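Chain nomenclature is as follows: A, B and C, assigned in order of appearance, with residue numbering initiated at 1 for each chain independently.
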């Protein structure tokens, strides 16, 4: 899916707690964390696959996702926004809590 | 090994690589010269400053810039042919934005020129996402506790530039005079104007 | 496991040297490295993600000891060896 409509702005998402043995653009500090979609940023080849020199990297939507410092570090009053490929994200399973 | 010695060693290795690649017919010295010239010619913080001054003086342009940074800076002739997107984030009385790339050194090169050494340092990259207020204080910027800080960690294909607040008392200045007030650090978010 | 480049939130790197250096390069070889990088990438020898991967794959102690453009140079050489453009060790002959 590349049209940017899977996670509309405001969607509560969670990053996968993945730890791949290769290049990735999901920093360790934001793995398995809850955030809110700011908006889609447009499609691009998935860096994880492209970095392996493969010509078959899937094109995915990238989303700007906003995280509260408290959810990343347990403290802090600021926010951090990251641009994350769709396959790094799932809808927050506890979004209604 | 002294720093100077180390520098001479790597300079020799770089020359050796260039020679090997020329012998293999992969590059020419002229092509490398051109690539360096292109890198330096298309990018300068004066570009970003000019964009900011336009946004300060033209409300319709400001709206376009915040809605679609890439398209708006292309109106002024910047980022032609770039595959990257530009997002401009606006400072207000209650919000302050600052830019980083924790994974490498992504930076809006076309609008800000080559990045300062500190931007590429582990000290800045490790700390600004964790303790932005302390980091900004090291740059001499003390923000009131009521100001929300957002740190933009450039982890994909978008590049970020801060639209600083226009300082008070600058109503009479021309666009050019306004652009001259805008520093590189203000465009990254480690200073205000 | 996370790589050495992934430093967001890591403790111990100390104070920031906030000097506003405006020189894009501090030595001629740094400019040559950037020129080589842009030329080789434009020729399709590698893409930006492969280049980042090569930098991140440096042993952590080497990564931290290397200057910014030393990392670039190390990554370019590693990629050229991986792609068979350079024989391993050819640069040292």
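The criterion applied here is as follows: a residue touches a chain if its C-beta (ideal position, glycine included) is under 8 Å from a C-beta of that chain, and two chains touch if they have at least 3 such contacts.
All figures in this text were calculated on a predicted structure; none of them were measured in a lab.
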Intersection of the contact lists for chain A and chain B: C
Which of B-C and A-C has more C-beta contact pairs: B-C
Most central chain, Cα average position: B
Whole-Å separation of chain centres (CA-atom averages), chain A against chain C: 26
Centre distance in Å when chain B and chain C are each reduced to the mean of their C-alpha atoms: 19
Residue list for chain A, restricted to those that touch at least two other chains: 27, 29, 47, 72-73
Residue numbers of chain B (touch at least two other chains): 102-103, 129-130, 153
Multi-chain contact residues (two or more partners), chain C: 6, 8-9, 52
Chain C partner contacts - residues on chain B that touch it in the complex: 7, 10-11, 13-18, 20-21, 24, 26-27, 31-36, 38-40, 100, 102-105, 113-114, 116-118, 120-127, 129-130, 135, 138-140, 153, 184-185, 190
Residues of chain C touching chain B in the complex: 5-11, 13-22, 24-25, 27-29, 31-36, 38-40, 42-43, 45, 52, 55, 64, 68, 70, 73, 76-77, 80, 85-86, 90-91
List of chain B residues in touch with chain A within their complex: 85, 87, 102-103, 129-133, 145, 148-158
Sites on chain A touched by chain B in the complex: 25-27, 29, 41-42, 44, 47, 62, 64, 66, 69, 72-73, 76-85
Residues of chain C touching chain A in the complex: 1-2, 6, 8-9, 46-47, 49-50, 52-53, 56
